[in-house]
Structures are given as C-alpha cells and as structure tokens.
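Lettered A, B, C, D, E, F, G and H in written order, each chain numbered from 1.
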Amino acid sequence: MDQWTVYLSGEIHTDWRERIQTATKSAGLPVGFTGPVTDHDASDDCGVAILGDEDKPFWKDHKGAQINAIRTRTLIGKADVVVVRFGDKYKQWNAAFDAGYAAALGKPLIIMHDPALTHPLKEVDAAALAVAQTAEEIVAILTYVIRGELVGNAVRAAAE
Amino acid sequence: MDQWTVYLSGEIHTDWRERIQTATKSAGLPVGFTGPVTDHDASDDCGVAILGDEDKPFWKDHKGAQINAIRTRTLIGKADVVVVRFGDKYKQWNAAFDAGYAAALGKPLIIMHDPALTHPLKEVDAAALAVAQTAEEIVAILTYVIRGELVGNAVRAAAE
Amino acid sequence: MDQWTVYLSGEIHTDWRERIQTATKSAGLPVGFTGPVTDHDASDDCGVAILGDEDKPFWKDHKGAQINAIRTRTLIGKADVVVVRFGDKYKQWNAAFDAGYAAALGKPLIIMHDPALTHPLKEVDAAALAVAQTAEEIVAILTYVIRGELVGNAVRAAAE
Amino acid sequence: MDQWTVYLSGEIHTDWRERIQTATKSAGLPVGFTGPVTDHDASDDCGVAILGDEDKPFWKDHKGAQINAIRTRTLIGKADVVVVRFGDKYKQWNAAFDAGYAAALGKPLIIMHDPALTHPLKEVDAAALAVAQTAEEIVAILTYVIRGELVGNAVRAAAE
Amino acid sequence: MDQWTVYLSGEIHTDWRERIQTATKSAGLPVGFTGPVTDHDASDDCGVAILGDEDKPFWKDHKGAQINAIRTRTLIGKADVVVVRFGDKYKQWNAAFDAGYAAALGKPLIIMHDPALTHPLKEVDAAALAVAQTAEEIVAILTYVIRGELVGNAVRAAAE
Amino acid sequence: MDQWTVYLSGEIHTDWRERIQTATKSAGLPVGFTGPVTDHDASDDCGVAILGDEDKPFWKDHKGAQINAIRTRTLIGKADVVVVRFGDKYKQWNAAFDAGYAAALGKPLIIMHDPALTHPLKEVDAAALAVAQTAEEIVAILTYVIRGELVGNAVRAAAE
Amino acid sequence: MDQWTVYLSGEIHTDWRERIQTATKSAGLPVGFTGPVTDHDASDDCGVAILGDEDKPFWKDHKGAQINAIRTRTLIGKADVVVVRFGDKYKQWNAAFDAGYAAALGKPLIIMHDPALTHPLKEVDAAALAVAQTAEEIVAILTYVIRGELVGNAVRAAAE
Amino acid sequence: MDQWTVYLSGEIHTDWRERIQTATKSAGLPVGFTGPVTDHDASDDCGVAILGDEDKPFWKDHKGAQINAIRTRTLIGKADVVVVRFGDKYKQWNAAFDAGYAAALGKPLIIMHDPALTHPLKEVDAAALAVAQTAEEIVAILTYVIRGELVGNAVRAAAE
C-alpha cells in the first residue's frame, strides 16, 4: 500500500496533531492526515453563518453539527486508521461518538489519553487496537505498522 | 412488524429505563427492550471476577469492558431502534460511543437529555432522528412510530 | 418462506391499501403488510406534538419527518417487497424517496400508478420489477409470487 | 483527502450547476463534479435512439430511463457527497428517487430548494445533512467542509 | 439452528425436487424448501396475464421474468443453502444465473448434474461446495450437514 | 469520474470485444476494459498446466475453473459496468453465471445477444439495464452514459 | 433478545462442549448451541462417502472439507457469539480459520485455551473479546452477558 | 485493472516471499505486494517496545498482536488476492486466522504448502481458489491470472 490515510479525531486545544504530523513528515512516512475542522468558533458557527440564523440554540447547534458531519463521516469512512485523542477538559462526546462510529465501520482504532482517564474510557479503549498516551507513541505505531521499523524503545525513553 | 426491539443505552443512575418500560407495557405496545448490564459494580468487576485478577487497573478495565462489549454490540446490532440517554453526571463516553456505533450501523437513533447538555451533545444529536428530554416523550415516540397514535399532546402537557 | 412482509408506500388519499389487504386476506396469502402512518394530520404534527412547538415551519416539518423516518426506514428495511403507489395529486416526493431508498437496499420494488404518470415516473419505474395500475394487479402479483398461482387473467378482465 | 467528488442531481432548467462549478473552480477547491445527462431531449430519447423504436410510450421511457440509470447509479455510488436540487416546476420524482437512493447508501446529502417547497419536501430534507436555498450556500458548505474556511457570512449577505 | 431453508433452483422437467423433499421429510430433517414457480406456462405467461398483453415477445418475456425475479431473488436471499440442478435439455441460463447470484451473496452452493455436463459447467461447479449427481446425494449431504449423520455409503450403494 | 472500467464477459469466438474496444478508443472515451482470459485452450488447461495433472476430467476442470475465478471475480468486483455477450453456440453457462454474480453485486448490467435468444435469456435480460444486439449499440450506450452524447441514431442506421 | 445462539468451534477430543451445554442448561440460560460435526471419522469421510471415492488424498480431503464448510459457514454466519477452543494436540488450523472467519464477520469472539498456548495464539487472542481457560469461565461469561448476573467469583474459586 | 495488490501471509522463515517478488518483477507483472512485518523479534516486541512493559506475558503478547493487527487487517482488506503459506514448523495459527479472515471478506485465496500438510489444512484449502506447493507455481498463477499467459508447463518442469 503506497499511501496510508489516518484520521485524527478529538481534542483540539493542544498541539498533538501537529506533533504527529511533523514527526511523521520528518520520518518520511507515506501518510496523509485528515480530521475535523479544528477552528472551534468556525465549527460552532458554520451552520448559521452559511445557512442563516436561528433563534433557538438547539437548531443553531444542529445545523452546524450536521454540516460538520458531512466532513467527519466522509473522512472517517475513507480513513485506513482512526486515532481519537481525549484531553482532560470538556465533555468530548463527539470524540467518543467518532470512536464508536469508526469501530462499527471496522476501522482500526487507536485511542490516546492520559492514564487518569482509563476508567471512564474503558469501553472506548476496549474497541481499540492500541491505547497510547503520547503523540510520540502514535508516531512509533505508525512507523512500525507502515514500515515494520521498531523505533519504540527510543520513543518511550524520550517520553518518560 | 409484529415486534420491535429497542436498545436503551446510557445513564444508569435514574429510573428512566423503568419509566419507559412500564409505560410501554401499560400501553400494550409490542416492544422488547434490551440494554447494557446496569449493575454498576458487576459491570466494573466482570472481567476480573470471571477471568482472574489483574494488577494494573488498565487491564482490569479492559477485560471487563470487552466482556460487556459481547453483550452491548450484539444487542445494538439486533435492535430496531437505539435510545441513548445522557444524564448530568459522569463522563458517559460509553453512551456517546454507543450512539456512534449505532449511527454507523444505520440504526434509527433517539437521544435523550436535558437542554443544558445541548451544546456539548450537538454532534451526537445531529445523528439522531429525535432528541427527547423525558421518558414520556420516548414513550410517545414509540407509540406513534409503532401504532400511528399521537398521544403526544397529553404527554407534553403532563411533562411540563 | 412461511410469511412475506410487504411495505405499502405512497398515496394516502384513496383506499388502495385496504383493497390490497382485504383481497390478500380473502385469498389466505401469508402476507403481513406494513407502511407509513396514513393519518395525514398526525403525520404532519407528530414532531411538535411530542417534542414541543417550533416557531419556524421548517423545524416543525423537520421534527415530524424525522420521527416518521424512524418508522418508515425501519419497516422498509425489514420488508421483503416494497410497493409504492403514486396518485394524481400532490408532490409525493416522499413516495419517490422511498422508492429510491428501497432500490438502493436491493428490495424488489413494485410501482403502482395510472398511465398518465408514465413519463414523469420513468426513472422510478425503471428501478421496479413490476409496474401496475390497480390494486387487483398487485394482489395478482403477490398471489403468483407467493403461491405460483396465476389468477391474473380473471383479474385483468375484472379491472378492464 | 486530496479530491472530493460531488454528484449534482435534480433540476436541469436553471444554471445552478454552472454557478456551483464556476465558484468552486474559482476558489480552487479540489472537487470533481458529476451528475446526470442534463440534455433533456437526449435523456428522453436515448433508449429508442440507441436500441430501437418502441410503439408504446411506456417502453420508450423504460429503455431510456434504464440507460440513464447506468450513469446515475454508478456516479451516485462513487460520490462523496450528493446534492439534490428541486426547482419550482415539474414532478421531479427522479430527484427524490436519487435522494432516497443516496440516503440508503449512507451518502452525505445536501438538499437545495426554495422555502416554498419546505412542506412537500420534508421527508427528503429530513434525510439531509444540510438544506440550502442557493448555489452560493452550497459553495460555502463545500468550502467549509473541505478547507475548514468559513466564508458563509459574506455569502449570505450577498445572497440576501 | 432449528430450521434450515434450502432453495432448489433449475430444471423443472423431472421429479428431483419431489425426491429431495420426500426423502428429507421421511428423514425428519428440519428443512423448509423454496424455489421458483415450476409451472412452465404460468412462469412464461405471468407478466402479460397479470399486467396486460404485449405485442413484442421481448417485452412479454421481460414482464414475466421480472415478476418471477420478485420471487426468486427474495427466496434466494433468504436461503441458507442453494441447490442448482442442470438437466440435459434447454439452455438453462436462468439456473446458471441463479448460481452466480447465490455465489455473490456468499450462499453455500450445491450443484447437481450428470457427469456429461462437467466441462461446460466447470465455472459453475468451481463456485460450489458440493457437486452431486443424484437427489439421494443431496439428501445425504443435507442429512450430514444438519445432523452430522453419515448415511452416504448406503445412499451411494443405492444410487449405483 | 475520470475513468470507467467495463468488464466484457461471455462469448469468445467472435470479434465483439475488439469492435467495442476499437470504437471506444477511436471515440476517445475514458474506458478501460477487462475480461476473462479469451484463449480457450489456456483457459481450459491452466489448472493442470500450473498445478499438475489430474486423472479425472472433473478435477482438471475444477482446478482450471478456480484459477480462472481468481481473475474473473476480482475484475467483475472492480468493474463499473458489466457487459455479457451470448453467442449462438455452446452452453455458455459461465456467461450466465457472471451475469448473476454481477447482478447480486449491484453492478449495472448490459446483455448482448441476437433476438433469437430472447426467450431462453429472459431471466438474464430481466436483470439488465440494457439489452443490446450489436457491438455498435454497446459503444453508443457507453458514449451516451459517459459523455451524454447521443450518437445512437447514426449507429442504428449503420447497424440495420 | 429472547434467545442467543453460540457456535462452539475447535477441539473435539475433550468434553468442553458438553460441560458448557450442561451448565448452561442447568442455569436455564436461553442459549442454543451450534458447532461443527464432532464425529472425527464422519467429518473426514463425508466427502467420499456421499459423493464417491477419490484416488488422491487431496481430493478426498477437499470434498469432505467443502461439505463440512456448508455447515460451519452457515452456522457461524448465524451465531451471535463464536467460541473457539484450542487443545494441546494437533494442528487445529480449522479452529484458527474459524476464528478469522468469525472476526471478519464482526462476531463477538471468545477464545479458550491453556496459558501454555498464549504466545502462538496471540494473533487469535488479539481478535477476541474474552480469552478463557475453562468451560466454567465460558459459562460465567454467558451468564453475565445474557442475564447480567456475576457468578464469576464462585466459578473461579471452583476452577482453581 | 492496471495494478494488482497481493498480500503474502504466513511463514516467515524461508525466502518464498522474495522468490515470488523477484520472479514477478522480472516478468514485469503489475503487482504490488504487501504482508505482515516479517522481522520476528520486532513483531513479538512491538507492543511493549512502543507502549510500555508488561509483567504478564499475556498482555505483552496482546499489545503486540493488536498493533500488528492494525497492519495486517488493513492490508488484507485492501488486497485483491491473498496468498497464505504454511511451512513445516510452528503452530502458524496466525496464518490460518488470516486465511479465515480473507475468506470471510470474499478475497480470492491461494494456499501454499507441502503435500505433507494436506490433511490438517483441508478446511483451509477448501476455502481456496488454488492450492500450490512452490513459489514458482504462485508466480505462474499470477502471470496467468493477470496476463492470460500460460507459462505453467515450463514452471512445473522446473519444479519437478
């Protein structure tokens, strides 16, 4: 397979996507990354900005979330691997929804979160083929899965 | 269709399942309900209780969550309709995961939650065919969908 | 196959469903019929009646149509055969939508309409395994398909 | 995803397709558009022109519509997103059929029509992830969905 | 599995179906049999008899064959096992079509024919899980497959 | 869609494939053609030639037909459109098998044969979106379906 | 769900199936069990016994294994849960094949084996939702999954 | 089809992959090969090397096998043809698992092993479209299947 497509779902307030993408590019891995719109305001406002205002917050959210779904469901459906990151803030139900959606499509799933979230995320983790804590581990998994090269020891040393 | 099967996912600390089941039975609707194991301790402990202790909490959770998945994925896969309830406590990522899982399988989805959760649940709601607030509304939806009888006005009056 | 399930979609202002069901029952055919809610007012109002009023007509319609979809998509998905009737009034886009939906699911499709509608319905008819004009023809098709008995000559004589 | 494919179904008597395609090209979006044959006469006559005359109008229509289906079903099946436009004339049952067909395949669906058609299109709209009124809104949705850029406010201002 | 459904496709001019059904019933096997309409004239005429005459033989055949397809595709789709018998007369392209149709659906396929037809049927046989010559062998296969009882030796002795 | 893939199944003793391919290339249509191995001897012998002799003709045929199936099922599965040609000689059950296989996969199907075969091919034709007699008609269909250009009248004049 | 179907694949030389079935019946669980033919000689000989002798061992095995596949693939396809037991003897490649087959179908998978086999079975275990050592653990899992009752502690105590 | 993708599963201790790839490249066949990571130590250690140590061998194996599954399931899912080689050592349950997994996905399957393994591999072979003994035979199959060229006689002479 010449090219892999990896969808990066979940938390949008830290630089985990950039770290994965930068390291993957440096390593020369043949990976294209996709993901949701990560501009929080745009993501919230897209429905009413494009299709007109709503009085009720419910419909504002509904219109926006459905437009976002055009992107997210299409890209998850085309991904080879889906990575879902949970941060330490917010409800992040969209991230868990994406994980369930990807799992039902049979996509290989990698979940990324701190150990503090292990218990509440146990059902999500149970559907994953890997549960990682750091962006470096994700890169090491992709490097191994795509090239068969095991750079993990170094990665873990650096991460500890 | 003689018999409908409705899976009730999500919150396990209030009596919403009982209220739906009791009212549905009173109405004589041909509905069988399924759902996850709602005994919180059993659900947490099933892995190690059945398959042996684990030192690390991660593996305890993993074994338990995977055994629970035998039940939940089987029953969601067989359901005609999936209802997912979000309460006001806990992370409830398993509920959002179930919603995503059911959505990808093409199951008609009903989400139930208080208006206060509208914004964080917008992506989940966007995948639903109905967003309800009360068990009575769920019963009214089922009554209408199965029998074509619209008892909703009374229900709403009672619920307000 | 002991029992067939036939979904009757489309026009709700004439008695075609009753004629098919009565004749099928008289003939003792093992067929269970399903279909949309045919109470026009209930079908229009179900969304706001159950889930609360809307100021905008769009959202009133949206909520109602999505609740109806819980029923229609579930029942079309479970049907062995889908019959769609087009009458001479109204837009009837929901009927054409159902036909497309059933076609993509691979359901055997029977379309029923007057010859006057042949040209505008040509794309819909092109997806059908039979195009009938009368309820009696539908009954004759079901009788033949299920029992292998050809009562069609009599039926056509009666219908002409 | 490097390239998106968008199928434009429905009305063929206004320039909505050209407006979408021109604006999308100007914006440099990586979108390829597909759609039905929009030459009305060719679409009507293709069956008998290629495969020989028919005495009955029904078979003329049937042969033509089935040849058109070779194109439309193939292209809808390959599309990432399906847009269906309803105009103010004609029955347009093929447009509603395409919407149902795309919905059953799980394609993200955008419906485009004037507010006057909201009520008769409610079942079709209920299956969509966006309901737009103008070509400019469609372009704004594609721009947002593909690039994450929200140019919608300007677009709406221009459209109003 | 309490009950098996076996579809018997193909040749309609000998008593192979009856022999299989009688022997299976005698043996008390939990099998329900389905198949096409085996009344040759009814099968040829059903289209025009029910839906009206046609001047061209092509359309007479087309209407009839499509009505038959309502039955055959539905029943093949519901079968657990598909048996296709080729006799020594006629083109029997419908039998080969059914075999291909069942193969693509992943149905276990048993082909039954005389050794004289081995070469022209090689592509069909290559998709089968068993190639039998006699009704008695089919019964022996069903007996073994359903009950695990091997009565084959006696059967072969009787058949030789 | 930039490129179409058309699988040409069936008769191998006339030049219909070449005529379609030559005319399609002349017209500059973006079509790639695939099909079975059309070297009759190679097709018959491939099993034993590659994997070793067999004493019984059945197993010689079986090994060869299964190797051919690696090619044919893969290529049919990847085709956008499947054309199946029936000639006036031989059993051609593999052609009918391919038609059934393609039909069950939902592939748009074009059947090509002389009118003399209409009755025995009626079930196969009933699954097709077009039934043609000549290679020129196939080319006209592809030209129309891919480019929307109707060159059919000239084609028919030439063919008559 | 009123009734569960559990397929028991793998080792046929110990009484693990009986222990599971007896205990499940005692507990009154609504489970129907299916599985391969466990009569080793019948399983080996069924092909030639029913369909005639073969000179080459390969074809004897081939005919028998394909007849067995009619049963095993049908029953695995209908199962809610698939249990695969590996013993300490023989190659048991059919057991691993069944596990892979069930995994690709998305069936919840329970693998049962002694700890000594953990390393060579790691890829198989990695696809499972539970890895058990004893029949009693399997019964405890089924009891929990179906009824939500956690009898595991007692079971483990008894098993140790 | 311009390019074929062939997944090479199974034995990693002989040079069969290299022989197939070298000969295929020499022949100029348009085939891209994929397969598991064949570095035995990396394959065993990848879980703990990347995601951290485990005290229990079971979890070490589990983490590693699940990471390997990200690669193997993705690549098998994208392959046109799956070849599985069984050697004369080790349990090789992962090879049989891959064969079952590929079979359930409907992938054309070629099994490669010495005649000594025929009996224990009979269920696996029964799902294959070809059973080969040597890398040269695999190359001959690919050459025939892709180009229609029968170089098998020479190959067999060389292999004997």
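To be clear about the criterion, a residue touches a chain if its C-beta (ideal position, glycine included) is under 8 Å from a C-beta of that chain, and two chains touch if they have at least 3 such contacts.
Here the structure is a predicted model, which means the values were calculated and not measured.
Following the contact convention of this document, F, G is the list of chains adjacent to both subunit E and subunit H.
Looking at subunit B and subunit H, the chains that touch each of them are A, G. Where subunit A touches subunit H, the two copies mostly use different residue numbers: shared numbers make up under half of all numbers in play. Chain centres here are C-alpha means, and the one lying farthest from subunit G is D. Averaging Cα coordinates per chain places subunit C and subunit F 36 Å apart. Centroids of subunit C and subunit H (each the mean of its C-alpha atoms) stand 50 Å apart. Per-chain Cα centroids separate subunit C from subunit D by 25 Å.
Rounded to a whole number, the gap between the C-alpha centres of subunit C and subunit E is 31 angstrom.
Taken residue by residue, subunit G touches two or more other chains at 66, 69, 126, 129, 131, whereas all remaining positions touch fewer. On subunit F, the positions that touch subunit H within their shared complex are 5, 32, 34, 37-39, 42, 45-46, 49-52, 63, 66-67, 69-71, 73-75, 78.
Touching subunit H in their complex are the following residues of subunit G: 57-58, 61-62, 64-66, 68-69, 72, 86, 90-105, 115, 117-127, 131. By the touch criterion stated above, subunit A contacts subunit H in their complex at residues 1-2, 4, 80-81, 108, 110, 128-132, 137, 140-141, 144-146, 148-150, 152-153, 155-156.
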